[in-house]
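Below you'll find the structure I mean.
Chain nomenclature is as follows: A, B, C and D, assigned in order of appearance, with residue numbering initiated at 1 for each chain independently.
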Amino acid sequence: MLVERVVSQGLAHYSYLVGDRNEAMVIDPRRDCEIYVEKATDAGMRIVDIFETHRNEDYVIGSLELASLTGAEIWHADAQWDYKYGRAAREGQRWKAGRLEVEAIATPGHTPGSMSYLLRDSGGLPWMIFTGDALFAGDVGRTDLLGRERSEENAALLYHSIFNKLIPLGDGVIVCPAHGAGSVCGESIADRLWTTIGIERNFNPRLQVKTKEEFVAGATKSQPERPPYFRKMEEVNLEASFPRRRSVPRPMAPGDFGKLAEDAQVLDTRMELGFSAAHVPAAQSIWLGGLASFAGWFLTYEKPILLVTEDNDPTGAANILEREGFDDIAGYLAGGMLAWHMAGLESSSLATITVQSLCRLIDAPAPVWILDVRSDKELEWDGSITGAQHIHVTQLPERGREVPADRMVYVFCGSGLRSMVAASYLQARGLRDLTVVLGGLAGWKSRRCSIQRG
Amino acid sequence: MLVERVVSQGLAHYSYLVGDRNEAMVIDPRRDCEIYVEKATDAGMRIVDIFETHRNEDYVIGSLELASLTGAEIWHADAQWDYKYGRAAREGQRWKAGRLEVEAIATPGHTPGSMSYLLRDSGGLPWMIFTGDALFAGDVGRTDLLGRERSEENAALLYHSIFNKLIPLGDGVIVCPAHGAGSVCGESIADRLWTTIGIERNFNPRLQVKTKEEFVAGATKSQPERPPYFRKMEEVNLEASFPRRRSVPRPMAPGDFGKLAEDAQVLDTRMELGFSAAHVPAAQSIWLGGLASFAGWFLTYEKPILLVTEDNDPTGAANILEREGFDDIAGYLAGGMLAWHMAGLESSSLATITVQSLCRLIDAPAPVWILDVRSDKELEWDGSITGAQHIHVTQLPERGREVPADRMVYVFCGSGLRSMVAASYLQARGLRDLTVVLGGLAGWKSRRCSIQRG
Amino acid sequence: MLVERVVSQGLAHYSYLVGDRNEAMVIDPRRDCEIYVEKATDAGMRIVDIFETHRNEDYVIGSLELASLTGAEIWHADAQWDYKYGRAAREGQRWKAGRLEVEAIATPGHTPGSMSYLLRDSGGLPWMIFTGDALFAGDVGRTDLLGRERSEENAALLYHSIFNKLIPLGDGVIVCPAHGAGSVCGESIADRLWTTIGIERNFNPRLQVKTKEEFVAGATKSQPERPPYFRKMEEVNLEASFPRRRSVPRPMAPGDFGKLAEDAQVLDTRMELGFSAAHVPAAQSIWLGGLASFAGWFLTYEKPILLVTEDNDPTGAANILEREGFDDIAGYLAGGMLAWHMAGLESSSLATITVQSLCRLIDAPAPVWILDVRSDKELEWDGSITGAQHIHVTQLPERGREVPADRMVYVFCGSGLRSMVAASYLQARGLRDLTVVLGGLAGWKSRRCSIQRG
Amino acid sequence: MLVERVVSQGLAHYSYLVGDRNEAMVIDPRRDCEIYVEKATDAGMRIVDIFETHRNEDYVIGSLELASLTGAEIWHADAQWDYKYGRAAREGQRWKAGRLEVEAIATPGHTPGSMSYLLRDSGGLPWMIFTGDALFAGDVGRTDLLGRERSEENAALLYHSIFNKLIPLGDGVIVCPAHGAGSVCGESIADRLWTTIGIERNFNPRLQVKTKEEFVAGATKSQPERPPYFRKMEEVNLEASFPRRRSVPRPMAPGDFGKLAEDAQVLDTRMELGFSAAHVPAAQSIWLGGLASFAGWFLTYEKPILLVTEDNDPTGAANILEREGFDDIAGYLAGGMLAWHMAGLESSSLATITVQSLCRLIDAPAPVWILDVRSDKELEWDGSITGAQHIHVTQLPERGREVPADRMVYVFCGSGLRSMVAASYLQARGLRDLTVVLGGLAGWKSRRCSIQRG
């Protein structure tokens, strides 16, 4: 028997491979799907069915590619939409893999046709429930994907799905959601790697409500921003219009890279310090660990991408980009910034400051402009540096003009990573006097510098 | 955060590595313990505490070796025994790894001082319980390890541990036992790879009792045989007397192998068919998948072991043997039986028969002696071939003399694997007229040959 | 800098990846070509040029697939044929990869347009020569591929290529051929893994000649048989007509496997002993290590292949088959012969005998028919068992009728492997009284049984 | 048959594993020697003999550890010294591994008792020569290790070894030295990964001499500096005094790291840009790729080492350090500089400048102090920036005081890496006005800024 979770870091996407004897099933496969085939083959299994819990909006689903490798059948949810592939799973429908059995349970709310899949073990006991984006550890799926105006209606559906469909399965059933902590599909997903109906019923803050109205109010209150690339993913995941096979990003000599850069977008995935010291002019900084979350905000599908990476290996970044449909990767800077400088090419830099120095600076009379790029929720929970202006990093493409060009702007986030994303964005748009605060609010609080609440 | 189960196939032993931030803990490590260090290192963690749930009786615990690699502290259970290493965990004692917390809960019964360890997640919620051999998926720990005469007393303790300590933790808590299906530490462990208090409370057959007396009666009724090597393991796991570092089994030319074989025990881990066609005279057959279960019955610690393996790679067999303390592996036959024959050395063989042929044979008037080497439980559940004599394979060292030497004996089990173990044992002790039934009872039933019940 | 040889076991095919700075080249890539991309990517290189030394006849060349993954240009030799892809390399043409340089040198003989490629190091020195099938370690390429009648003419060309083109490069140049010991492309390739012009000039037996005539006489004397699949490969390697992407062989339950077997060819890649004990009726035995050499003789492109493998893993066998264009692999027997027997299905077996027993048997008066399936060369070098009949295993499809059906036939080769190939072939064609000699002539000689010379 | 080269990057150390049938040999094993055992085991071989070509001075030899894992015999060279382990190889002595044979050939010069080992192939032909540090691709071993005063005498010995012992083996013999390009054991080793007697005889610049005197003059002219850690290695490699088994570097929280740093040496192996932006105060920069070359100059055996690494993984750095005997690694900064700043701890930085800016600066009238830390040879070959002062980076511990503290010092090397090593060394010793030139002389020349020759 086989129960494996495949985690796509960054997206915090969880997919699952379960099987028994010679047959296996995959739930919500990712695009780079050789991993399922390898694991199934190692276990002497053949993947016979692929299940989608909903029309995914945050990544390119791998169902078609996986089906082409294995001959498996694809079962999608959200039958109300016009899928160009696979067949629609019906509530109550059942499938077998060896002695295991899976049953579809309609759990709308996140999308109108979301399906959960209940797995029964070899003895027929209700064992695991694949909840997609309906129920997470410590959170529930967002209900605003069809527009904020339909959020309330969907939240009511979700309430019904959770309280009348999922919870009655019993406290002992293991919950297998499509996302873990860090996903943009739920704001406050907990870092419990495995959870159960019982743990969620008792401790999930979103389920500690007395009435449906209370649940709906919570669900519609605050939702994380909706990245612009979601629209593309939704379309792609209905139409199956993506090429099946991608090529390897090619190494490029500095001169060639520099020439191509004029018509491309340069993405630098190094950590914040290396980027601050030197980067290709106009490069957008997104550190590798944040790429899945921020690519959709700062990159466009319209231009080729040129990569600068930490260790001369573009594979990690390319995988993440391709999961979100950014396939047009023209190449990467071979030899990295060292090669760039050895070729005598000019680079840009971004100033940094430690929290101690900033703390001293603020005490001085001269006015400074401090930009806080954290989310509303972080602001609410942790407070901010006294006097800081707040624009969430993902809002900069819209609100960047609010940042003054005539004085030094100190940019901070929780650590220094997102502030480098923000500062590089502003620098590429012409701002010059930018300084990133190393350590961010975490460092600030460690030094006991002054915090403003509310 | 990190939650990993490390499975030792064959023993069906589960150990666990859990960690958060820079710190990790291991529960019941196995002897080849580099795997925990590698996984922890990859996650940027250092193993700080090692927990034993009880004095293990079926394998060499890896606590000391792991402590020597990492500097971690060892916490053992069963404080009533005289441990030569580590410190005793006390009920209620707590440990931290990052934001995770573990608490010791006394759950005696399998051994007098068995401990379970409750893991709380980063928010302090009861999340997982490491139950050792107290509670399995679909079964409970055996209570006869101190002797059958104390089984009742221990079963009463276990009842208390399960119903008053574990079940009150709540249905949603995830249960992480020390063994899965296939272990000799529980007769009927289910193949649910993950389970919960709720699933066990509702569906574990051993927990579907109305009174303590009913539970005790069930627990003491039938227990699997107790392999003779348990005694050695129990001693070793208190005294920490095993060498820390093992060497690699050396390849041996056929001539050298043959000479050494006279004073050694030859173990052949190939599948049943290859063994039947030809094997080194007097070799004991135990196919690789059954090695963890049967080595303790058919091998001795007193003589060096010589290996014949399927693919010229002794690593898999050596790992399993060393987990049970069989360290004296003198070498393996380089080039396998092919090299043996090319060196012109003589081999033995064992006859086989398909179920069809046996079926025809039985219909004939001539009397045949059929030996069923399956367990009592299999006999009870599946019936047997009409007229077969029953000696469980593990009882052969004691009861082998009951098998007649003056006529053909047809040996069968469920598949053909254990019957080859049995036949090779009998052959090495001088019996000549032995035939193994390919496919065993499974094949027999597929052909609808006659079955005798009760 | 990067110089890597990729070895395809079985075919004993050598391909090469060389590169410097950001650019790499591949010589004679195999079909499963991800390995070159991975190695180049790890080294920060992009494959820019692919070279073929000749139209390969013994495997499917991977040039097109590799080009599709990398965008590299393909340079083929044998411009006289009508290639459907790539461009023809011209003698004297040069290519760069970083500071390395490659130059084409025409070395006809094995094929009319064979090319060698001379690699100069970063300082411009003649360093390595990729000789394809012109010059091997200890042997030269066969010259009979266009028909035995043109062998002499081609041998004269080859003499010129070796003595006037390759040897003048200098003794110190490292020779990188397309095959190592075990290939059917040269009869007596030595097992020196690396060699040089100097070693070959001094010690290669085929080069120890005084005149061209002597060389030609040697080259045309005896050549290994030409497997029938060569014709297919030659065609394929001009036309590029093969599908790009293959699927994974699927595990099949015994019942399904048995049904499909009626219209398929069953290939069993286990070692000789397991096969002898039991196999699916009419299965062809070719042990995994011999699959590359014998698939082309005993399999057909016209029927799907069903696999029985040693360890329930079809990957190794499938890779080898696909390198020779056997893409139609319908599935493999999940669970192997054990599952087959547990399903109650009937199997066949083949008798075996050790050399001792055969030795005794021969001394007895009753006449036995002994079949020697080794090659002419082995016969010549090692002698044979007194009284044995000789048919090379590859000639059995033609000469199988010479084997008598009315008495016991003892089949032997060098070890017992090829004799199982032969015996299974004969058994599937209706012969019943077949016994394979375990250990073959090697065992025979170890026992000092009687040998007949000449 | 098996011929494998194991490369230790950084040291550019080559060791070799050769074997046939069941037996293998290792030449000059490194300390982390599991790799030889794994490769041999995979090939079904047992390592029976370990050969040392000379008393190694640049790394801890792994002979003893490998012998303890395998039971192999150790054969050392340099019998004139008092070895505490193994036996001395005698000239002309022969050993077998399967059909392969190795013969010791005395080739003194680099050390007084250096041995080469000639490998004959399965047919007895001279095939490969393991030359240790006697003969490299494009260079010969240094002869000054016993002191510059004995360099001439040793060079004469080396001349004899090369011209009368090695070259007569024949142009076709493959040369397998103990080092490749980048080693400090030879100044100008070429990047030919494989070479031959013929290539070296014809093209090695050191062998293009007419007389012994000419050879000796070349050998004694210029030698790279002798790192201070050589003395320690020489001692260790006679005495076998090193612990056998090392533990894993432990992750440390920033606070603990900071406290320990006061009594330790902080080593930062990140690339130059990240280091320049921020580093732990007083940290020594040595980028990972240069660690093997520069650890011996800038680290001491007397203090524990604390690591800051690029990707939160200390394994690569720890391996390199341990190969040079730096075993006392107290831990590494978990979470890297990001965690350091988030803990609110203060960091240092180092200014950088691009070549364009420096070029403009130099044209200005204000005097600048430019420090060239490249080697004499680079200075001679490539020229330098007009007006630069020259101190080779390895001489800074001795000559650091020559650098002025009262004005801005611009430090450059070939690329920016060694200049960061130098600048961090100077900064830790109190200099404040330091700027590293990004791209170094390579960048400088690309911009066509002014170069001074001679």
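Everything that follows uses one rule, which is that a contact is a pair of C-beta atoms (placed from the backbone, for glycine too) under 8 Å apart; a residue touches a chain by one contact, two chains touch by 3 or more.
Just so you know, these numbers come straight off a predicted model, no measurement behind them.
Participant: What is the chain whose Cα centroid lies farthest from the Cα centroid of chain B?
Facilitator: Result for max centroid distance from chain B is chain D.
Participant: Would you mind telling me which chain pair, B-C or C-D, is linked by more contacting C-beta pairs?
Facilitator: Comparing B-C with C-D, the pair joined by more C-beta contacts is B-C.
Participant: List the centre-to-centre spacing of chain C and chain D in whole Å, with centres computed as mean CA coordinates.
Facilitator: 43
Participant: Starting from the mean Cα coordinates of chain A and chain C, work out the distance between those two points in Å.
Facilitator: About 49 Å, centre to centre.
Participant: Mind pulling the residue numbers of chain B that touch at least two other chains?
Facilitator: Within chain B, no residue touches at least two other chains.
Participant: Can you tell me which positions in chain B touch chain C when the two form their complex?
Facilitator: Those residues of chain B that touch chain C are 270-274, 276-278, 310-311, 336-338, 340-347, 349, 352, 354-356, 415-417, 438-440, 442-447.
Participant: So in the complex, which bits of chain A are touching chain B?
Facilitator: Result: residues 1, 3, 121-123, 125, 127-128, 138, 170-174, 190-203 of chain A touch chain B.
Participant: Hey, which residues of chain C end up touching chain A in the complex?
Facilitator: Those residues of chain C that touch chain A are 21-22, 37, 41-42, 44-46, 69-71, 245, 247-248, 250-253, 312-313, 315, 334-335.
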